[in-house]
Amino acid sequence: MQITLIQGLLLSIAAIIIGVDYWLEAFFIFRPLVVSTITGIILNDVKLGLTTGALTELAFAGLTPAGGTQPPNPVLAGFMSTVIAYTANVDAKAALGLCLPFSFLMQYVILFYYSAFSFFMAKADKAALEANPNAIGKINVITTLIVAVSYGVIVFACTYLAQDAMANLVNSMPEKLIHGLEVAGGILPAIGFGMLLRVMMKAKYIPYFIVGFLMANFIPMSNLLPVALVGFAFAAYDFFNAKQRKYELQEALARTNINTHGGNQDGI
Amino acid sequence: MQITLIQGLLLSIAAIIIGVDYWLEAFFIFRPLVVSTITGIILNDVKLGLTTGALTELAFAGLTPAGGTQPPNPVLAGFMSTVIAYTANVDAKAALGLCLPFSFLMQYVILFYYSAFSFFMAKADKAALEANPNAIGKINVITTLIVAVSYGVIVFACTYLAQDAMANLVNSMPEKLIHGLEVAGGILPAIGFGMLLRVMMKAKYIPYFIVGFLMANFIPMSNLLPVALVGFAFAAYDFFNAKQRKYELQEALARTNINTHGGNQDGI
Amino acid sequence: MQITLIQGLLLSIAAIIIGVDYWLEAFFIFRPLVVSTITGIILNDVKLGLTTGALTELAFAGLTPAGGTQPPNPVLAGFMSTVIAYTANVDAKAALGLCLPFSFLMQYVILFYYSAFSFFMAKADKAALEANPNAIGKINVITTLIVAVSYGVIVFACTYLAQDAMANLVNSMPEKLIHGLEVAGGILPAIGFGMLLRVMMKAKYIPYFIVGFLMANFIPMSNLLPVALVGFAFAAYDFFNAKQRKYELQEALARTNINTHGGNQDGI
Amino acid sequence: MASKVLTKKDVTMLGIRSSLLQASFNYERMQAGGWLWAQLPALKKIYKQDSSALSSAMVDNLEFINTHPNLVGFLMGLLISLEENHEDRNLIKGLKLALFGPIAGIGDAIFWFTFLPIIAGISCSFASEGLIIGPIIFVASYVAIWILRIVWTHMGYTLGTKSFEILKDNSDIISNSATILGITVIGALIATYVSIELLPVIQVAGGIEVSIQTAFFDTIFPKLLPMAYTLLMFYLLKKKQISPVVLIIATIILAIICSYMNLL
Amino acid sequence: MASKVLTKKDVTMLGIRSSLLQASFNYERMQAGGWLWAQLPALKKIYKQDSSALSSAMVDNLEFINTHPNLVGFLMGLLISLEENHEDRNLIKGLKLALFGPIAGIGDAIFWFTFLPIIAGISCSFASEGLIIGPIIFVASYVAIWILRIVWTHMGYTLGTKSFEILKDNSDIISNSATILGITVIGALIATYVSIELLPVIQVAGGIEVSIQTAFFDTIFPKLLPMAYTLLMFYLLKKKQISPVVLIIATIILAIICSYMNLL
Amino acid sequence: MASKVLTKKDVTMLGIRSSLLQASFNYERMQAGGWLWAQLPALKKIYKQDSSALSSAMVDNLEFINTHPNLVGFLMGLLISLEENHEDRNLIKGLKLALFGPIAGIGDAIFWFTFLPIIAGISCSFASEGLIIGPIIFVASYVAIWILRIVWTHMGYTLGTKSFEILKDNSDIISNSATILGITVIGALIATYVSIELLPVIQVAGGIEVSIQTAFFDTIFPKLLPMAYTLLMFYLLKKKQISPVVLIIATIILAIICSYMNLL
């Protein structure tokens, strides 16, 4: 399907708003699930937006900017997975595979800004010394604007302008290649989860990992809320247990200290 | 259906025995499950007794006299839920709703006796001072008899005498009202369970509450024995864990005390 | 079915190898599951070997030689359950019942050797005093050979030579008796598990026992791996919990000791 | 030291008579009247002709008491062994005061709040399918518990004051464990026996009807509404101190209104 | 001691402005620019005409900082209350340095590694069936979290330095609990959302075809391959320090190869 | 201090030869004969021509020993490293006496009582459906365990006496954990592999037949009878010290009787 100029412009405007949201990490409308849904609404195919968004979201679950790192860009992934599925008419899984180059591209753009914006800090220092609040405001506004405009331009280019080239490219791909991308789309979440595990996993958490895995495998349920509840039960148990242990220890030590002191006094 | 005079008398006799059992809290045949079953046997419709009894029992699960309080009366609830379902030919859930006024009535009668019987205590004090065991016995027999007779009379009145009035009343009720009572019968156990939670629930028990709820929700089983077993497993785990912690603490402290003492001796 | 002479000899050779494996407890091909499978292969009915082996294995699960005791012999049980099912054409469960006398027979033979081989120890002492390694080697080889030959002979006799007698015996058994043996075959694992529990069970393990039992009862799964995983999760949890408690205790005591010491120094 | 006058049979009788505990329950002394009555035969045997000693014992035992009927035999056995030894009256009185509360606590936790919901839940799952085995299991269990009253009485009588320590040491752990078991079962009971099913359906394109209950609540989380309503009741009972009778009536009225509005 | 100059509304505004934290994010000072900008209105009000004091405060607040945006309001509230009291500049600076790290740790554990996968998992289970309720739940949750930023800010402002202790004492237990919850859900997410299905079938006697996937892997253990691949990724990321981008590309290439070989 | 004479290959050979441990098992010295035999090549290399030292070592190593074959290599490696260093004979002897018991305990807990039931349970669930993969998994696992014997031997040899402490410190926690795993699986094995099904049916009104097994036992609790019988066996084995052979025979007789009575 074709993206009209109006749709292209709407996508571009959405990209500006969403881009700023990601830059500030404010309302989390920058996650692929939401971005794809919005794209689907603009392209008048909400269902496509939902399904591509769900898949992309999960593949990006572990790819977080925590610690100030820049992961593959979730905003571009959200836009492009839906757009590619729409224009080139491929399966959501294959679209996930195909959207990644765009995601990497934007990742590097932001990384560039992370470095480049360091130069504003000298100006900011000067403003601070001069007790000039307005200058500080201006710096922040400028950096944010630069990011916003970049999102608008890049998304417009990738969606509206590049659509024919992309559709041709995809349509000329052999079936096996497309199927391969679909397969990749099914596997990619493994990397996101691997990233999460890298940060969170310690030996002592293995039991919980096993139980979560087994529950999803052997107990039929329509969503993961029950698992989250069980996880919450474990967390709460551990929390109260730790508190209880702390309390018992302090109790016991308090009692001993009294005894010891008594003993000392006798001895001296 | 009609309750015959004979059945009315049998119900009255049953009420005397059951009423005394509740007064003494001896064999727990006063719980609605048993009362309704007995009523069903007397009315020659055991199945009706069982189903109304099961429903009423659960609605009264948390309404206990623990601490010397008087809850809505389970005996009258047991009798009347079955009797109303029988005479007015309504669903068990609706009967549960309709039996409650009788349960409240009897609750207040017993509350009155709780206050009134205080007056016997002066007499008892006198008997104690005079070392007169027989007088003590007499007081206890009298109070128990008063309770017994009250049950007999009230149940006879509510079941045999009032049956036509009740059937007419119920039959003149609009369908929506009856359905509303049925709906209420399905919800009422929530209050009983709320009462149980009020006494038992602390933050640290939340994990167990969650697991019990999830098990009943997601694992198919024909009764709650498996949940009780899991609950028992949790309880036993906690028990042995607490003991183990106590032991480890004592061990460690014993070792330290020895060291400390040793240190003191060196120092002095 | 008939066992041919060749098959009889193959079984005998297999028995020698497997017998030595059991004697040394090396590769555990002496467990009924493997012995029966090998027997099935030799008798050209692998499936029969697998099914009789599985059943026999489980019945012998708790019958271990741990601590130097001799349980009913798993090797003969493995051979004979399959052989009896094959020659007398009975159900695997009945065959399990019928193989037990042979298992007991071999148990007593090994017990006899356990006693008899004590006599070699005097010779060994002499060799040790004389620093004569070769003599030690010879003693070990001889004892192992005796065991090996015994297995070969006994298995040949029980399988090839006794097959007609056995088939006749079994075929002359009334149906109810055969059925009784089948029933016994279904119950016998209880004794093995009872043996395991005897060694392992303590009050504090009851929770785990309950959970394992309930899982197998209420959660559909095609094998016990999920239960083993849950058991592993429990084990790991307990392990890390114990370590954590140890650590917390040491921490707390270290802190106290410092305080106490400080106090002592002030006092002196 | 006085010699033993009570036989095994006397102690058994005391256990049986412990069921009279609440025979003259009232708000002034709670179970005092029945408490004394149950012990009278034993006291008479101990103090024989010494009617002033008997009088003192009777006066003491008429003081306020409120404890758990299923376990009271333990306390009776313990105290009667002290009476038999003619221990100091103040010791006996002090022990009674110290113990009836904890025994009430343990007993209520185990019997009212743990055992009853569990055995009721199980029995009712049979009874609600019309099987008489339900109430039979129920009554059999309680008969067993009643028989245990005799056991507790002998135990209290034999252990004497030593039992005081044991009880004090473990009462925490025991009621904690009992509560864990109870809470687990209550969670399941709510899912099983509270039922709230929404009737409304939504008309979607093409005349298809979608039930809010099955398409929404059952998909997100089965039994969400029963749990929510129970927690609301819990909140109102605990934090707002609203009486259960008020909640019962309010629930009935609400249900009737919802029925008229075709909501439930 | 200086009198209070900030109103409730000022603190609320500070909470809202805390969203500007990353407005000029860069590798030299990370969030410093936005951190200062967000606090400027409050600082201006506190130091009014005293432009040298304002300058000191601005200089201090331009130093390197990197913490969690959802919780930063707490830290802002705390420090601004100290500024308002004209506490020693070194105390303020020291507290900031001591706290931004732990807050980043707790925040990342809770929000990035626990809350996001859970809410994403649930929302996606709806969205993947075409239900718009999925993203709605998602956005609603994050709006709620955003509103909490105002709450944290007030909390930090009110608790003042006392909050320092509370945070230090419990940060371990809290992030441990959050991680337990998160790990449990991730285990389930792997089973639910990673899919690897082998295509090959084995021809057995009689022309019957046996699928390796269903006859072998699904029988031994469902979802074994997805779990194995995830753990392999975990291993390569953690022990071999391979970048995720490399793994993504490698996975795609591998999938395409397997597609050509009819394996997947 | 003596120089090292054993090569890596010698230690590997020792690990392999550790399988000879039970070659002359008897009730007087248990594994002593095989224990010595397995170590002879290493001892000969260490003591070369010094035949009186060799003799002492041989005499010591012929003393009573009984430990777990799968782990014995660890002990052999440890002791042979001491022999190689010409440590005091009493130290070597003492360590052997101190360690063979705990190693037997850990080994039996892990291998006989935990690993065997689990791997047997899993393998049999395949085998009982006629799949050869069952015994293959079984043998493969045990080959792996056998190969580990070489690993343990190297470990013991390398760690030397330090390993003594490690083992003593953790043997409790390790066998506790192993037992937890084992017990969980045994609970499941009982439900899966003990089968007792009652045949009797009850004739109810209208000629309908109700099976006691399905209508009663399976409804109250599936697998109740197998569990009950197993616990009875456990009780008889543990408390009444009845030999398993007696129980096997009694069970068979009972089963035959029940068969004749149409009960089972």
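For reference, chains read A, B, C, D, E and F in written order, and residue numbers begin at 1 within each chain.
The rule is simple: a contact is a pair of C-beta atoms (placed from the backbone, for glycine too) under 8 Å apart; a residue touches a chain by one contact, two chains touch by 3 or more.
Source: prediction; values computed, not measured.
With centres computed as the average of Cα coordinates, no chain lies farther from chain E than C. Each of C-E and C-F has its own count of C-beta contacts, and the greater count is at C-F.
In whole angstrom, the spacing between the mean C-alpha positions of chain A and chain E is 9. The centroid of the Cα atoms in chain C and the matching centroid in chain D are 49 Å apart.
Note on chain placement: the centre of chain A and the centre of chain D lie 53 Å apart, centres being C-alpha means.
Along chain E, residues 221 each make contact with two or more other chains. Along chain B, residues 208, 210-211, 214, 217-219, 222-223, 225-226, 230, 232, 234, 236, 245, 249, 256, 260, 264, 268 each make contact with two or more other chains. Residues 19-30, 32-34, 36-37, 40, 43-44, 51-52, 54-55, 58-59, 61-62, 66, 69-70, 104, 108-109, 112-113, 116-118, 120-128, 130-132, 134-135, 138-139, 142-143, 145-146, 173-174, 176-197, 221-223, 226-227, 229-231, 233-234, 236-238, 244-245, 247-248, 251-252, 254-260, 264 of chain D are the ones that touch chain B when the two sit in their complex.
For chain C in complex with chain A, the residues that touch the partner chain are 219-221, 226, 229-230, 232-234, 236-237, 240, 244-245, 248-249, 252, 256, 259-260, 263-264, 267-268. Those residues of chain A that touch chain D in the complex are listed here as 222-223, 225-226. Within the complex formed with chain D, the chain B residues making contact are 23-29, 31, 33-34, 37, 46-47, 50-51, 53-55, 57-58, 61-64, 66-68, 71-72, 97, 100, 104, 113-118, 120-121, 124-125, 127-131, 133, 136-137, 139-141, 143-144, 176-177, 179-181, 183-184, 186-191, 193-201, 205, 208-218, 222-225, 227-228, 230-232, 234-236, 238-239, 242-243. Of all residues in chain C, those touching chain B in their complex are 203-204, 206-208, 210-211, 214, 217-219, 245-246, 249, 253, 256-257, 260-261, 264, 268.
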